[in-house]
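Note that chain A is present in both complexes that follow, paired respectively with chain B and with chain C.
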Partner chain A sequence: MKLFSKENPWRSLRLPVIALALILVILVLGGQKNFGTVQYAQFILDGLRGGAIYAMIAMGFVIVYNVTGVINFAQGAFVMLGAMLAVTFYEIEMPLPIALRLILSVILSIGVTTIIGLLVERLTIHPARFSSPLTLIIITVGVFISLQGIALLVWGPNAHIYPSFTTLGMADKVFRVNGVVIKAQGFWIWGVTALVLLLLAFFFEKTLLGKAMRACAINRRAARLVGIRFDRMSMLAFGMASALGALGGIIVAPLLRPSFDIGLNLGLKGFVAAIIGGLVSPLGAVLGGLLLGLLENVTAGVTKSGMRDIYAFTLLILTLLFRPHGLLGAQKTAVESGEESQP
Partner chain B sequence: MKKNAVLFFANTNTVGWTMLTAIVILMGWIETSKPFGVDFADLSGGVITMDTMVRIAILTIVLVGLNLLMGYAGQVSLGHAAFYGVGAYTSAIFTARAGSLFGMPESIPASWEWPWIVMLAGMIFSASLAYLIGKPILRLRGHYLAMATLGLGIIAYILFRENMGFQGDHITGSYDGVSGIPRLRLGALELWPIARYYFFAWAAALGVMAFGLNLINSRMGRALRAVHGSEVAAQAMGVDVAAYKARVFAISAALASLGGSLYAHFQAAVSPSPFSFTGSLELVVMSSVGGIASIWGAPFGVTLILFLKEFLRSRLRVLLSGASGEHEIIFYGLLLIVIMIFLPEGITSGVMKRWKLWQNQKGGRS
Partner chain C sequence: MNSKISKLLGMMVVFTLALASCAPKTPAPKVGETYKIGFAPAITGGGASLGDPEHQTGKMLAEQLNASGGVTGPDGVMHPVEIVIYDTESNPDASVSAVRKMIEEDKVQIVVAGTTSGVSMAIVPIATEAEVPYISMASAGAIVKDPATSEVRKWVFKTAQDNYASAKWQAEYITAMGWTSVCHIYQNSGYGNDTFKQAGVAFGEAGITIAYSAAYESAATEFPELAEIGTSGCEAVVVGAIPPASSTVSVAIREQYPDMPIIHGHGTCNQDHIDLMSAEVAEGMVSPCGKVMVGATLPDSDPQKAVVMQYADDYAAFTGKPVNTFGGHGWDALMLAVNALTSLPDGLDLQAQRAAIRDHLEGSVKGWPGISGVYNLSPEDHFSLDYKSLVFVKVEDGKWVYYPPESWK
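This part shows the complex of A and B:
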């Protein structure tokens, strides 16, 4: 422990000061619109609900990036596929109770999306695994465009409807606490996100397979030397990411009326969340997602709703410039830690 | 030997440039004088029109800038449509809305010099904006730079779409955009109908290509390639890496802005959608398909992608019943994947390399 740090003592205060200033600005802007506690509580709750979805998507980005070093732009397409496939499987007429049909549609959708994710890895990422990062980014963009195009061909341009998990109908159950409206689907979203986070923590910390994946993330060559098959780990990462994306798409589907083009926006936001969280751990991704959802919803609420994305992407750029390893990550800069290691 | 190689390249470029000019003039001649009663659209089976050809010229200008940045300096930009949009919106707002927005007397925007001044101002504005943003952002590398430029592109798009953050639609016209942009004039000569604009746009594109070809063989071009190879080594050899990167970012932004201005005067209306993230992606796709590290990749990439798009748009409806206009994006995505896996340096460079390899083998055998 150092008593006197050489660093500027104000440096550690920078983030809290910025946060306080931001809250002040929000309060002033909200004051002009006569917002009270109820409105703020509503913004915060809705923001955290959206943030949990971003968190689900961000976890997929983090897993793929850590194991393979690829920024997988197709992640948004997995989210869209998850939602659209769930709708399709749900709409199949079967002599079963609605609840069972819903559960079946969730399982089938995740399964099919995972298979698509594995195919994507085998057919596009694996053959180009020695290419430059830019080439790999462009390939995943191509995958995204193709999957979205196929979705347009299969499902058409219309929005579809998926029932809420609680009421199994179109209208969701709504709780009102002192004028604040909470949709029941929100609890499903938070619950699933928390459960996934716990399962991932268990998987990466306690199981041999999870430890092998972490080894690949730390040092790919060393991992191969001790007999970990990187091929398999890469496939597994893509499988997990697509399953997580699909699950995120499914739990948000009742709120959103999914159509073929929901993937781009959700994917990009999930990506911003992953960067804010530092691109290292699922926990960081979840915190980043919640923070992103909260900030963009509150700031958009007190200003203009169309400007929502501006706040999200400004946060992205500021994070990249000043805290490139995430708001929560270690203090290293992307400027110094230049080139990525090649396999 | 070394000198010969350089001379050979200079010759290839000059010959290629002259050939391209000849092709452009030939196509323009076919369109204007219609020999034997065939015009250009007939020759291409109704798929490629004059309109597409003008678009190719405009996007070639943008892509030469993008290739300088991505291919030669090695700096990724996933938000280049932002600068394209800055050019288009500057031209649109200052020509069509100068009176209503800034209270300018009618005579100034109505004069023929005004759009050209605006175009130049837009380029200078884009370049300085890029220079200012570039200084901090270009310190980032690899994925991080790609993501920062992506964020910038989306922010610019939303500012266009949301009237720069103000209420109403008096500045950028929100979703509807700005219409009523005047045609360009040179004195009394109006650069319209489309055939005249075609010659003008291609003259600009060929000029920009000549600029790019000269730039990469200049002191700056060598410095940029050194930066691409290794920043540390370039620095050690006395190249001011940060300054060169910011400068090439500014140049590519100015070229994108020029393309945007030409686009605005060509369409006579701008709306936000071409400048979205998808727009930036399309630019990167064209650049990668043509070949990032080559000025020649620019016209080839644009031509290939636009021809493919037009072809699919007109033919797909016949193949797939009930297919609407947007289904071409599947093929577009698949093409991108295939080219990136098998020819990651793009079609121009990939084919050139293979051809040289084949020549060498042939030489070795004989």
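This part shows the complex of A and C:
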């Protein structure tokens, strides 16, 4: 990682200077609207909550990209399926306490979405595995559109409801600390994201299977030479990504009103977060997600919030222009070229 | 096997013949050509939550027309009516080609189409050029009246109140409550932006200041724009959005400002809006809505009560879901079309029929009670419902109830 390059001192100063300037602009704009600590604290908390969702989705992008070299745009559809399936299973009348129905709907939804993810890999990515990454990416876009179309047929155009995990009702428990409002669902989102990050770190660092997946990411040919079955790893990656997407969709479901079309927006934001994080590790994805959520919420808060998406995608373009390897990515990813990626 | 089927068929034929010969021999009315109504709501796409009840209403009316055999003209000739259904996909391109198809291939007598204003505006020139009467189910005033020339569009009618009507009710309520400064939070969509524009006009006329306004994204889960509600010092929040976006933002406002009054527009008038934020959160929120939302609680003297109650019952029986205003816009548009068809004498050619329908709509619809209001169409006004055709409603125990001005204080 060459953050401090010797040739050009401006390069090392660039990020802190941009960050400082941004904070200054935000404070000036917020000052005009009489914002105090309460408002900023609210922006930051809400931003980190939204960011954790993006992080969850971004981790799915990263896992698939690392193993297969494909940006899986169907990730957004997995998020939508997770939320919609959870709603569907939850709505089934069962003589069980609500909490149990909720837990059951979470498990079933993740299970079914994972199966769909595996099927997607087998039926669309696997047959085209010798095509160029561009072809595969286009296939995933097609998969996204098909899944969304099927969802419209199955669930219709209406929005649905999913209860908050704490109160098991539509109105969430709200904590008020000195005028700052914190939704209980936020703690669930942060908690689940942190837990998933820890589990993934353990999986990739400590288990043989995880190491095999990382080996595919570092050098696919070498991995095959030592006997790692690449197509199994590809399937596993899609399975994990769809499960993570579903989980992301489920924990955010109480905050929005899930409908067949929530996948596009969430999927694209997750993609932006993954790019910002550098597309290398779950940790990068989480940092990228939190940063994206934070920045878009604070900038939208001090300016016009109708422009939230513009800020998010401006951030994507700036990242690609000035730091294409992202926050945690190496300067050059050598994955595709088959070379050693560490400098 | 084969012989078994032919035996069965033979028996059926004999049985039918026997039945037919038993039927009383009244002279059947003369049956004329089948009339066709081209019907295109937004079955899919962004307007689908509004287009779906319109679609259901269309299917329900088609069934009713089928059962009654059709419409009878002034000369006693019976004409079956077919409702040809297309999907606008909430997309102007798809709508234009669907409407062209209706006019040229299906040879419909009249077009009823367009759930959203953008789509309806795209259909206007097609219908005008082909000289086919066209009824839109969308709200924008520009659909029936060219905003540049103030000229009434000859072939175009509509059945949904615009956002100015809604804003006018809101202004009356705000004034009655003694508030002078409000915040306006609206969805970043065609509808949301128009609610803000019309609120600017109507609130300005009533001397109400909009202390702060902001648009938000429909799919948002965080609402940073709400921070300024607290610092701007407004006394109530007006929300311009349709479900589900209207519900998510209302929950967020309630959480941050538990005592802030919330006023919605007439785009929220369905049960979804309440269900998507829970009865508990929605309690006490007010909005102008079509009368159909509160049919049972209307006074008996209301000229629309009978038709509104009938439609609500029929709709609930047909779909199993509670009625809403959007289906009502569809019902009005289709029934205006059906009634116009009854004015046609037998034997006109298609172009003459289309012209006669247009003339009937413009000249003969006087005091006609529909779901959205009592229509008085005229050459100067192809919509004719003013803001009083809406009623003010309030959420109580998870249901919309009638909330007339007398009970505001």
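Here is the rule we use: the second predicted complex is superposed on the first by the 322 of 343 C-alpha atoms of A that agree within 3 Å, B and C clash if a C-alpha of one lies under 4 Å from a C-alpha of the other, contacts with A are read in each partner's own complex, and residues count from 1 in each chain.
We adopt the following convention: contacts are C-beta pairs under 8 Å (C-beta built on N, C-alpha and C of every residue); 3 or more make two chains touch, one makes a residue touch a chain.
Computed from a predicted structure; not experimentally measured.
Applying the stated contact rule after C-alpha superposition, one finds that A:L197 touches neither chain B nor chain C. When both complexes are overlaid on chain A, the residue A:L152 reaches chain B and chain C alike.
Shared-chain residue A:S131: touches chain B; no touch with chain C.
Within the superposed three-chain model, A:K304 lies in touch with chain B and with chain C [touch as defined at top]. Contacts of A:L316 after superposition on the shared chain: chain B is touched, whereas chain C is not.
When the two structures are aligned on the shared chain, A:L256 is found in touch with chain C, with no touch to chain B.
Once chain A of one complex is fitted onto chain A of the other, the partner contacts of A:V181 are limited to chain C, with no touch recorded for chain B. Of the two partner chains, chain C is the only one that A:G50 touches; chain B does not reach it. In the superposition on chain A, the residues of chain A contacted by chain B and by chain C overlap at 152, 157, 304, 306, 309.
Across the complex, chain B is touched by residues 71, 124, 127-128, 131-135, 137-139, 141-150, 152-153, 157, 264, 268, 271-272, 275, 303-304, 306-307, 309-310, 313-314, 316-317, 320-321, 324, 334-335, 338-340 of chain A. Of all residues in chain B, those touching chain A in their complex are 70, 76, 78, 136-137, 139-144, 146-148, 150-152, 154-155, 158-159, 161-162, 165, 167, 231, 277-278, 281, 284-285, 288, 292, 320, 323-324, 326-337, 340-341, 344.
Touching chain C in their complex are the following residues of chain A: 33-35, 39, 42-43, 46-47, 49-50, 53, 152, 156-159, 161, 169-172, 174, 181, 183, 252, 255-257, 259, 262, 265-266, 293, 297-298, 300-301, 304-306, 308-309.
Those residues of chain C lying in contact with chain A across their complex are 44, 48-49, 51-52, 188, 214-217, 219-225, 227-228, 230-231, 243-244, 247-248, 251, 254-256, 272, 275-278, 280-281.
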